[in-house]
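Order of writing sets the chain letters: A, B, C and D. Residues in each chain are counted from 1.
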Amino acid sequence: MPDFHFSLSTDPLDPARAIAAVTRPEAGGIAVFLGTTRGETHPTLGPLLHLDYHAYPEMAEKETRRLFAQAADRWPVLAAAIHHRLGAVPVGEPSIVIAVATPHRADAFAACRFLIDELKKTVPIWKREHYQHSARWQAETTDHVAPGK
Amino acid sequence: MPDFHFSLSTDPLDPARAIAAVTRPEAGGIAVFLGTTRGETHPTLGPLLHLDYHAYPEMAEKETRRLFAQAADRWPVLAAAIHHRLGAVPVGEPSIVIAVATPHRADAFAACRFLIDELKKTVPIWKREHYQHSARWQAETTDHVAPGK
Amino acid sequence: MIVRVRFFAHMAQHARNLAGPHADNSQIDVPDALPLADLPDLLQQRFPGLPWPTSTLLAVNQEYLPPTYLLRPGDEIAIIPPVSGG
Amino acid sequence: MIVRVRFFAHMAQHARNLAGPHADNSQIDVPDALPLADLPDLLQQRFPGLPWPTSTLLAVNQEYLPPTYLLRPGDEIAIIPPVSGG
């Protein structure tokens, strides 16, 4: 199994650290993804100030390692790193950095894309949107079962 | 037209500089690609020591800007940076860093992938492979017209 | 039998509001070998009015498990509303 | 008329070996309004034995141009063997 580096931290993320963690002499390409807090303005809640990320940390790591194992099965991954920030992430700053090294670039892009897409579906991390006039959990804005059901 | 940052330099590349150049509050995703010198051993020429990159600099910039304009036509690119290293690039170090910021991640991946794929086809930069026992231009190893033709 | 139940995001906030400061991570008495599929109804009785997103998933001991799983004493069950990391 | 011709990679090395240290970037006398398509043959006569990759492209004033382009005085023509940047 190739190297996998995972971290959750309230410190600002350093993409150079994720890149260094996956750099290998056998690599021909490193694909990196940064997800950043996008500044936007809600019609009634006002401008977004920051996103606030919370995790179920033990499971977030376990689930992310499972996704990494799937990626390593599908593509010739030499090493990968996923660093997710928790707590407040201001507009313009990254909440996640994913770096994947492979011998050839197409695989690096595919595996990196797979990891961010799957992470967003299953890894237990939640964001709370802090607007100027109010805050709300992203999960609050989805459909709910009828009360009493 | 969104911001585009291009450089050719014999200095080691700093991915953080490319990422900083494209960071925007409107960005939700930044896709980054690093092409790195892959260590390999040729059956007769021995281990690869480094790659040596040369450019037709005026045209390399013009052609890369043309590719960027195509990318900005196809995807909602906020900013992009392409930094290519020239001269000797040792095994494990990047010869190119491409960073692309877009509002949503699928576009960042697509535009970044487009830029590296097209750059490799048309931008006038050439590498010379320095093996332990000999050096050769990559272009030398392709088919040539018959002498005297 | 006793199992541990953990809530997250807005569900954690509501659980605390409904049942006290530790209600988002507490031990609960449930019938022996309760199928995982039956836990949501039981929790909605214990926490009346708790918001429950339609695509909420259940994890046991840090792993998504099928609704047919039969709970065991000491299991840690996490109620996972739609995730939004990345 | 006079145009400038530039060679790169191994073609530059061979041009220098064949015709002196500046032969990879030199002024050359060509017929007026020579179609770009006719330049390779003319260069292969001037530089006998110059290796010429089959997929070599021609650029004029830092831009790939079609073979029908008619050369003008002062044009800078670059002979672009298969590129390998990135």
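In this section, a residue touches a chain if its C-beta (ideal position, glycine included) is under 8 Å from a C-beta of that chain, and two chains touch if they have at least 3 such contacts.
Keep in mind the model is a prediction, meaning the values are calculated, not measured.
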{"item": "Chain D reached from chain A - shortest hop count over touching chains", "value": "2"}
{"item": "Joint neighbours of chain D and chain B, given as chain labels", "value": "none"}
{"item": "Whole-Å gap separating chain A and chain B, where each centre is the average of the chain's CA atoms", "value": "26"}
{"item": "Chain centre separation (chain C, chain D; CA means) in Å", "value": "73"}
{"item": "Centre-of-Cα separation between chain C and chain B, whole angstrom", "value": "50"}
{"item": "Junction residues of chain C - those touching two or more other chains", "value": "none"}
{"item": "Multi-chain contact sites of chain A, meaning residues that touch two or more partners", "value": "35, 116"}
{"item": "All touching chain pairs, where touch follows the definition stated at the start", "value": "A-B, A-C, B-D"}
{"item": "Contact set on chain B toward chain A in their complex", "value": "14-16, 19, 23-36, 38-39, 91-92, 94, 101, 103, 105, 108-109, 112-113, 116"}
{"item": "Residues on chain C engaged by chain A in the complex (per definition of touch)", "value": "6, 8-11, 13, 44, 49, 51-55, 59, 62-64, 78, 80-86"}
{"item": "Footprint of chain D on chain B - complex, ascending", "value": "35, 53-56, 58-60, 62-63, 84, 95-96, 116, 119-128, 136-140, 142-145, 147, 149"}
